[in-house]
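Next up: the structures, one after another.
You will see two complexes here that share subunit A, one where it goes with subunit B and one where it goes with subunit C.
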Partner chain A sequence: MPALLLTPLLVFLLTFFVLPFGVMLVESLYLSPLQSPAGSAMTFANYAKAFGDAFYLRVLLQTVALGVAVTALALVLGYPVAYFLARTRSRRRHVLLFLVISPLVVSIVIRSYGWMVLLGRAGTVNTLLVALGLAERPLPLMYNWFGVIVALTHVLLPFMILTLASVIEGIPESLEDTAAVLGAGWWSRFRHVILPLSMEGVGAGVTLVFMLTIGSFVSILLLGGSDTLVLPLLIYQQISLLNNNFAAALGMLLLVLSLALLYAQARVFRVRGAA
Partner chain B sequence: MATETTRRAFLRSVAAASAGSLAAARFAQAAGPSIVAGSFAGVWVDGLKAGVIPCYKRKTGGDVELVVGTPTDFVQKVMATRDRPAIDAMIGTDADVFQNAQLGIIEKLQPAKVPNAAGILPIFREPYEGWAFGFDGGRDGVTYNANKVKNPPKSWIEFTERVAKGEFGRAVLYPHLTATDGLAITWLINRELGGSLNDPSPVIKRLREMKPYITKFWTSNAEPGTALTSGEVDIAAWTDGRTFGVQAAGNKHIQFALPAPGSPMLTICFMKVKNGSDGGWEYLNCASDAKNQALWNQFFPGYYMTHQNNDYPPASREKQDPTSLDRSFKNWIQVPWKELSRLRPQWMEAWTREIGA
Partner chain C sequence: MILRLYCAAVLAFLSLPIVVAVGVAFGSDKIARFPPTALSLRWFGVALSNPTFITALGNSVVLAALTTLLTIVIGLPAAMALVRHRLPGQPVLETFLLSPLSLPGVLFGVAMLFFLGASGFGLTAWGILAAHVVIAVPYVLRTTLAVYRGLDRGLEETAGVLGATPWQTFWHVTLPLLRPGLVAGGLFAFLTSFDNVPVSIFLTTARTTTLPVTIMSYLVNQDFDPIVGAISAVQVALVLGLLFLLDRIYGIGQITSLAGQ
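So, the complex of A and B:
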């Protein structure tokens, strides 16, 4: 009976996830019609190009680095908010919850344009900095990695906070109280009680935010500059050139990266669980 | 009895409405084929609705459903539905014409089916070897903030030299090579630097020198407008028509300059999709009519049109290059689109390797 209940989901996943990826895998093993007008035999040329060229490897590294940067920032900024959300008994908890998820209410395009207004050379932040004498001239806050990281952290922070908050809520407060009674300060309570017990939430939040970051496109397209090239943008470039087959190979690369991270997360927590 | 009368009246009216809609449906079926045509977003749609689409409706009784997007979007849709294409007539740049011919997704124009195309100036017909006709175009040049840039570059080479020296700071936009404007401007600068179709190294070297000062390589035609009006950049390689649009929105400090030796000629072309509805031919015929082109042009003052009998609306006439008014187009530089289209992948490889953007 339980297996039967899973059938609609499995059919949906098979049709709209597994099969399209299968098609993409097959596409990635051929050359595009523009590269090979007479047709192409099966070949690993697209993968050889992706792994054999320093430029594409640099883009892959930049993609991973962006994922690490945004995830780390989201974790550092999100953990205290998640803890507060999980522990507060305030009647205004729902207001805080709304503020946390508010970035998701607005379309990503509008949100990105909003950041352009804030971070631009003549934007709000620079105008304030110059007016207050904190900067002699406008700082380069946009069309670079800084602008991209700020915008992505803004949109992905809710995912980290909500994932962490749901796990921290499940940690009995009595454990913290006991530690406090036994003389542990707040840092000791965090380090020896809260953090270890919330590691599954940290793992889930890190995995989710990292995967969403490495697949991000619109924010990087609008707020990035001549140096901020990552895999999703490169895939878009290749599709613009009608090089769908190479784009498919790059897409498979992105998939493998995500699956590797999921596997690593599962392994780490299986080992921790066994321990 | 009052209820019975009301019920009969209601049933009669329902029957009459049903008969009417059946007749309307039959009339629609008896009318000409409805087609799907590609269009750019925004005012392009208004321009087509002003003349080309009403013309098609009058001549065939059918309708035109516009699909908004970019030439790449249209090609992707057609390639995914080759046997029964999702689009019957599409637009694209000169570079797209030869690419689409190579992909086998467009048909050569049949003079008997597109008689109006005979009135298109030869310069906008012959280079495409029968695969398409040109419809409209503008000039690529340098758009700048006149409050910040007091002395705009007088030539493309001067533009590149001044950018590479950092004279404008890191406040420059240049088109990406994936944009046809980028391909055209880069080809022209390469030619001016002594390069050739088979050797883009001079312009690639110059772009590498410029890169530290290029805020972004734009891929969407809307990006330079936003960046210039927000003050994010002070100068950009861009089109005159878009600049006029920004000026019309109140940004009079944004000016356009045409660097020597001039603008590469970049024309939007109409193409008939292979296996698409035959209604596509009449649509192309309407698009190659001088009056319909003029009706389109009222939405794009400053863009040139391609029919020999074109009568530009007054607002457009005052913005036209003199050589588009006399139809000689001498101020434009002819781009070898057929060869450049074929060599585009090699140019893209060089760009990717050396510029890395």
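So, the complex of A and C:
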């Protein structure tokens, strides 16, 4: 009986989810007909190309650096909001939660479009800056790293806030009260009580946001420029150029990176479950 | 006090691009600008009379509806098996079944492109549907699992003792109790399909293109035309209306704890 209920989903995912990655692995081990018209034997040439070429190595580094930057920004920006969300008891909590969640259900294309209107050369921000005399001429705010980082931080901040808030909520408020009675100021309460006790939430939020950043595509395609090349964009580019086999090898790299992070995330949650 | 002001600022940041994307729709300017110099509804008319967008919208609605239906049809029985029976390797199995959620969409899109090519299926609407079911089914699975785990097993047993057949128990007891999970999961499955770009962009053709993919290529090629603003306004109104309704019925805390990452 349980087997019968589970089989459709299991067979479906094995066919349309696992098998495609199998095909990708095989594709990554052959040269494309463009590189070797006579057909090719199995080879690691595609991987050697990804790691041996300074250009592709730079793309890999940029992917990781973008992940670090966006994760750090989301953590710093989101922590106070998560704390407020976890601690407030008022009716406002409900409104707050609605406002944190609602961006998540709006299409990323629409959110990116909003940023394009805001950050363009003749966009809202530049018009304001010039009108206020803060800039002499419009600043380049998009089609570069700045635009990418702003848009990605916006997309991923709710994930960080919700993950942190769920952990901070579990820390008894009485601990903070005790610390306050014993004379600890707000910084000391944060530094010695709340922060250490919320480290599991920080770990979970950081791995989640980092993982989502290095896999991001839409915001970077719309708000990035020619120099904001990261792994997902490079894969897309190679597919457009019909370098399918090289794209497959890059895909395997991203897959391994993502699986490693997933494993790390599972470890963080196991620690949390055991505590 | 400072904390409150800070939170207000972050929330403003979170709402800003959405307000802007919707706001430009109500301007009369030829180039999207916010705030608009003069108010007008003409871009809604322009958007509605654009056959490319209308075709893509139709494709997206049908695709998302079929995706939602299929995810429930294969996700619900699996969730029931996972909750009511002890299976070997259950944690690993569950992790695997939920894993499409955690991998980058681009990655799966490319893999699916290779698979459809190598297997001879080719780039058809069925291939896109299969791909969308893969990325949407974890939502239904997770929300249904969460609700089902919270249910009192005694209710189903009582129905059995009172002479209900397993099917009657399922239809009259289990299914109504699972409704919050199915609604929340179904909503997220629908949105996942309806908003998806990174998977669809590799699998769609001119005939099977979806709304977000069409908007995306429009934005890449033509920069910002208020047409996209008009489409955004309609979409945001629908989605937020739906979220508001669900919040009224089930509470937003429950929806997010069910579907949240």
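Things worth noting here:
Keep this in mind: the second predicted complex is superposed on the first by the 239 of 275 C-alpha atoms of A that agree within 3 Å, B and C clash if a C-alpha of one lies under 4 Å from a C-alpha of the other, contacts with A are read in each partner's own complex, and residues count from 1 in each chain.
Keep in mind that, in the parts below, a contact is a pair of C-beta atoms (placed from the backbone, for glycine too) under 8 Å apart; a residue touches a chain by one contact, two chains touch by 3 or more.
Quick caveat, the model's predicted, so the values are computed rather than measured.
In the overlay built on the shared chain, the residue A:L61 is in contact with neither subunit B nor subunit C.
Of the two partner chains placed by superposition, subunit B and subunit C are both touched by A:A122. Of the two partner chains placed by superposition, A:A260 touches none, neither subunit B nor subunit C.
Contact comparison for subunit A: of subunit B and subunit C, C touches the greater number of residues. Once the two complexes are laid over each other on the shared chain, residue contacts for A:L195 go to neither subunit B nor subunit C. Applying the stated contact rule after C-alpha superposition, one finds that A:S240 touches subunit B and leaves subunit C untouched. In the superposed model, A:A135 makes contact with neither subunit B nor subunit C. Contacts of A:G225 after superposition on the shared chain: subunit B is touched, whereas subunit C is not. Legend: residue contacts after superposition of the two complexes on their common chain; A:Q35 is shown touching subunit B, with no touch to subunit C. Common to the subunit B-facing and subunit C-facing surfaces of subunit A are residues 116-117, 120, 122-123, 221, 239, 244.
Looking at the complex, you find that subunit C touches subunit A at residues 3-4, 6-7, 10-11, 13-21, 24, 31-35, 73-75, 77-78, 80-82, 84-85, 87, 95-97, 99-100, 102-108, 110-115, 118-119, 130-131, 133-134, 137, 141, 191, 194-195, 197-198, 201-202, 212, 215-216, 219-220, 223-224, 228-229, 232, 235-236, 239-240, 242-244, 247, 252-253, 255-257, 260-261. Those residues of subunit B that touch subunit A in the shared complex are 72, 75-76, 79, 99, 102-103, 170-171, 176, 178, 211, 214-217, 219, 226, 230-232, 344-345, 348, 352-353, 356-357. Per the touch definition, subunit A reaches subunit C in the complex via residues 1-6, 8-10, 12-13, 16-17, 19-21, 23-24, 26-27, 77-78, 80-81, 83-85, 94, 96-103, 105-118, 120, 122-124, 151, 154, 157-159, 162-163, 166, 208, 211, 214-218, 221-222, 232, 235-236, 239, 244, 247-248, 251, 254-255, 258, 262, 265-266. Within the complex formed with subunit B, the residues of subunit A that make contact are 33-35, 37, 53, 55, 58, 116-117, 120-123, 140, 142-143, 221, 224-227, 229, 237, 239-244.
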